[in-house]
Amino acid sequence: MDVVEYRPERHQYVWTFGGVAPSHRITPGTLLRLWTEDAFSGRLTRSSDWPSQVLDMTEVNPQTGPFYVEGAEPGDTLALHIVELTPARDWAASTTIPFFGALTGTDRTALLNDPLPERTWIYQLDRAKGTVLFEATSAELRLELPIAPMLGTVGLAPAGREVRSSLVPDKFGGNMDTPEMRAGVTCYLGINVEGALFSVGDGHYRQGEGESCGTAVEGAMEVTLLAELIKGGAPEWPRIESDTHYVVVGSARPLEDAWRASQVGMITWLGELYGLDRLDSYQLLTQISESPLANVCDTNYSATTKLAKNLLPAGDAFGGMHRHLRERARDR
Amino acid sequence: MDVVEYRPERHQYVWTFGGVAPSHRITPGTLLRLWTEDAFSGRLTRSSDWPSQVLDMTEVNPQTGPFYVEGAEPGDTLALHIVELTPARDWAASTTIPFFGALTGTDRTALLNDPLPERTWIYQLDRAKGTVLFEATSAELRLELPIAPMLGTVGLAPAGREVRSSLVPDKFGGNMDTPEMRAGVTCYLGINVEGALFSVGDGHYRQGEGESCGTAVEGAMEVTLLAELIKGGAPEWPRIESDTHYVVVGSARPLEDAWRASQVGMITWLGELYGLDRLDSYQLLTQISESPLANVCDTNYSATTKLAKNLLPAGDAFGGMHRHLRERARDR
Amino acid sequence: MDVVEYRPERHQYVWTFGGVAPSHRITPGTLLRLWTEDAFSGRLTRSSDWPSQVLDMTEVNPQTGPFYVEGAEPGDTLALHIVELTPARDWAASTTIPFFGALTGTDRTALLNDPLPERTWIYQLDRAKGTVLFEATSAELRLELPIAPMLGTVGLAPAGREVRSSLVPDKFGGNMDTPEMRAGVTCYLGINVEGALFSVGDGHYRQGEGESCGTAVEGAMEVTLLAELIKGGAPEWPRIESDTHYVVVGSARPLEDAWRASQVGMITWLGELYGLDRLDSYQLLTQISESPLANVCDTNYSATTKLAKNLLPAGDAFGGMHRHLRERARDR
Amino acid sequence: MDVVEYRPERHQYVWTFGGVAPSHRITPGTLLRLWTEDAFSGRLTRSSDWPSQVLDMTEVNPQTGPFYVEGAEPGDTLALHIVELTPARDWAASTTIPFFGALTGTDRTALLNDPLPERTWIYQLDRAKGTVLFEATSAELRLELPIAPMLGTVGLAPAGREVRSSLVPDKFGGNMDTPEMRAGVTCYLGINVEGALFSVGDGHYRQGEGESCGTAVEGAMEVTLLAELIKGGAPEWPRIESDTHYVVVGSARPLEDAWRASQVGMITWLGELYGLDRLDSYQLLTQISESPLANVCDTNYSATTKLAKNLLPAGDAFGGMHRHLRERARDR
């Protein structure tokens, strides 16, 4: 098995999907052992650090990559299996950034209100317990919250000659910020350019659905991935498969359109898996869909449609790719 | 314990929240054994029944009630504990209604497309197994889906002198269509008029989150409720408490506003429960919120914010009302 | 010509469309000379009056009416020709109401920001010049703005047994807040209940498109109307005809849906007027539509589609009703 | 006066803002005589041409440029004065593209409906009359519509290292599709990269507000521009100044956010021009804003806020740049 290990230096961080030369060229099937810096580029380290003082907004959400996959062509499908996600530091940070987040005016939801106050929370990690510690500043409340490591950002070069900020989620994946992107899942992305040019970043030690204040428990992450190539079959929107669920992620505004995209994407998938026509899939989805939100704060909002496999007949998505990668991950 | 049993005749169905004389006057603490007709008013009985032919759109989503609660005044809180939900028939129905549903143009998302085709699915209930049977019409697929009975519609008379259709969800509750409204939970609604005037209906044998095609597995239901009155404390948006979760339901368009209402509602609740200020609650919510959608098809869309109690310190919402009603339900 | 004169006393104000007994029964063709109170119910009279101190939010936007039109049945069309709108006072008021307006968080666009500051502007009317005086509070700026009297609220009893607040615009008209509702136009509304039960109110001495802060130059108004009945022909959304334009008003959220409703409504109207199919109407509309916004602050947002008659062949909307009423207004 | 004449060959068309080497380097003050191909890249020439058959969707909306402005730096302002827009052909085209347009499901407003039928309209230009001819296909209707030439797309390289498709409108301008972009106006754009790198395209012989079907009367255009550089002063959103109006264009989804951006942008501008604080500007805007929509079909929707200069004191926007360019255009 080809193995790539990569911990980028600060000058090697990338800030876009597309528009950047690959850090590595890999063959399909390669195992990647990566390190990702946190979304603040490591600049938020104390609860006295205010975003407006310490952050450089042109250098947020650094990505590790991009990786050029040999043989990948437009219309193909990239399968990224997340083998492991391990917090790379013993602490993580979250904060309120002025005019950013779901419950404040922003540059798009342009209002006349002053920004919310800035406040920073540092979460200490207890590796033994597998928890991070929330410490309230306005009351005597300390909560040990189980970690649930995930990657906020997984994506590849966009279509249409575009280059997009790593802050954006869209059809190319990107900053979807869905808690479904955790160890054990396989993410399928439609490839738009030769080599796919994927990258990952934005580790969260945990995150609620919707990521309301705009920043999760953000921390540097050790990321182990298996990257495979499927010829053809490119899905319009990102798909995720776990041992227990099928998930489609849509990203758009308003939020209903993000969700509609994920629903229509899943209807397409159900048609592929079971030969159902659109109306039958629509009906079935209506009765079994789980619909946890991903983010309601980014450039596009992201919503998911999620189906439990135990409600469905055995399927064989992408030729059993998830099962195959799961086994390879175990055998490594 | 006062007990009311009520199975309305067809001429007793009510179609609005507000604007209707009470069917009963009850004292706080009363146990209600009710029967609710399905959302189609029982008119959709075969897969050959097309909505445009058999439905009377002025008589959909009939409610059972309304109930006048003695002593209830504006600003008070109605606590409805759902003791039991039992399918009242051995079958249920779902369908596609022209220009209704999340994935079609509607009278509001006004487009030039023709309506989607009409199709009706009848689900047979297997009481022993606790399943309903989905039968595809376009492929050889039959799926036994576990029942998960819920009430689509729980509400009371609105504020501001308004009378709203039973198809509408809003601050008064109504047609929220959230799967969280199942047996074992307590729903808290802010009271707007003397007597509260609540009613219930729209039983679903199961429903996915978002109710995409617009109709769940719709069936008549035996409903057992405990109705209590809390003086004062009216929440702005409906709240639900179970043994395991706190939930707030927001209803608005676009969907992000429905969700924002549920988030701000939960931030308020967290402040009440634990003395957190808004920023601390915002932060905590960001890391622990579950955000399953309710409906993306009704007059307003409904989204929920849901918190697991096991992540939080013990709380005492509404003076322990849920625990109290839970016990009374067991002891009945 | 039947003439009704009516200046309601404070206890006669109505606050809803539907749900209220008629103030008068009139025959089709009646001329109405009405007086409407301002949207603040006359409670905001000085720049030192703050809404949170002087307004009663359960008594805003009082309507004059409702009028029961003899012979009006569901499916018929009410034609209201606005003969004259004359400011009834020598001053008018505007203000910022906490958590209300387009550029602030509201109860639906629920955010964590504090409300914007309250401030009240009193506009003095100069009848000779036909202007109101804007006086800035933060700079030495005084502007004489031409008056452009309009009615913010024109509506009738809603469908579906509903009763709606006078703050709401929807298919029944209501609080559309469009500057197109000025003297010289005819407004066509689809009738939902026997007698139509229409009312009017919310005079604005002038208003910009969108009514961003939520309140126009609000003033009491002398209103002269001609009310006619057209059997059948009920439009789905309110239509307005002037000597120079056709207008359709859609009301919904998000704003694109309000506009879509107005566009589809106009496509229907073009089909009626010229026999065009939907695609031809869509194309023509694309090239000639004016699309001035009405309000982006009310319960539903309102947008208009407006076509200049001089770009179109002579039409004969509703059998020439506008021309007919125009002549009757001149001859009165 | 420096003059650049440029009619790009097909291989010189550009499809993005950013990401392309400049076609020319110009000094501030240069007069540009340009030719722009139509949005269909000239591939739609007959009413029997269907988009799905003749269009290459990777080659739509070609731009002429980009132009590198000597001395332009991030934070500066580009002033583009449109001297003349002259139809370059004697015909133009419009069409319905599957899953594109305001009144159909799209890839974002993802629905299950079939696409609308494709139909193409060719408009013959009568230069003497200054009209284009609309010919209905479903009825005997031929309308001579006055031409009103405009540029759908005016933009420069985006911020944040992004490269955006020429189909996108955003803060960098781009595909705003506003009828306000006509001869005689000056467009101000905030510069994001050295040299500004602006380009123009997408001539419309006329277009209604909202561009509902997604394509205007699209035609090749002779474009005469004056390009000036203002050091500093970069506006957040594109501004347009004519002899009679100030306009700000916002682009976002949902549509209310596009409009909010334009409103807040105008409030900022009013503050700069007259020293008003935000609340006074908000109030004034509320009473005098015109709010014609631009497009409700593109990747972002665009809405405008437009103020008549004759309602306002004399201003001196950007140091009188518009007046200055107007004079230079006359003197050339």
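When the chains are written out, they are named A, B, C and D in that same order, and each has its own residue count from 1.
Convention: a residue touches a chain if its C-beta (ideal position, glycine included) is under 8 Å from a C-beta of that chain, and two chains touch if they have at least 3 such contacts.
Keep in mind that this is a model prediction, so the values were computed, not measured.
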Pair joined by the larger number of C-beta contacts - A-C, A-D: A-D
Most distant chain from chain A by Cα centroid: C
Separation of mean Cα positions, chain D and chain C [Å, integer]: 32
Whole-Å separation of chain centres (CA-atom averages), chain A against chain C: 47
Centroid distance [mean C-alpha coordinates] between chain D and chain A, Å: 35
Multi-chain contact sites of chain A, meaning residues that touch two or more partners: 103, 109-112, 116, 253-254, 260, 263-264, 267, 279, 282
In the complex with chain C, residue positions of chain A that touch it: 103-105, 109-114, 116, 254
Complex interface listing, chain A residues touching chain B: 94, 96, 101-103, 116-117, 119, 121, 134, 136-139, 141, 143, 145-146, 206-217, 253-256, 259-260, 263-264, 267, 274-277, 279-280, 282-293, 296, 301, 303, 305, 311-313
Touch list for chain A against partner chain D, complex: 15-16, 18-19, 58, 107-112, 160-165, 167, 236, 250, 252-254, 257, 260-261, 263-265, 267, 278-279, 282
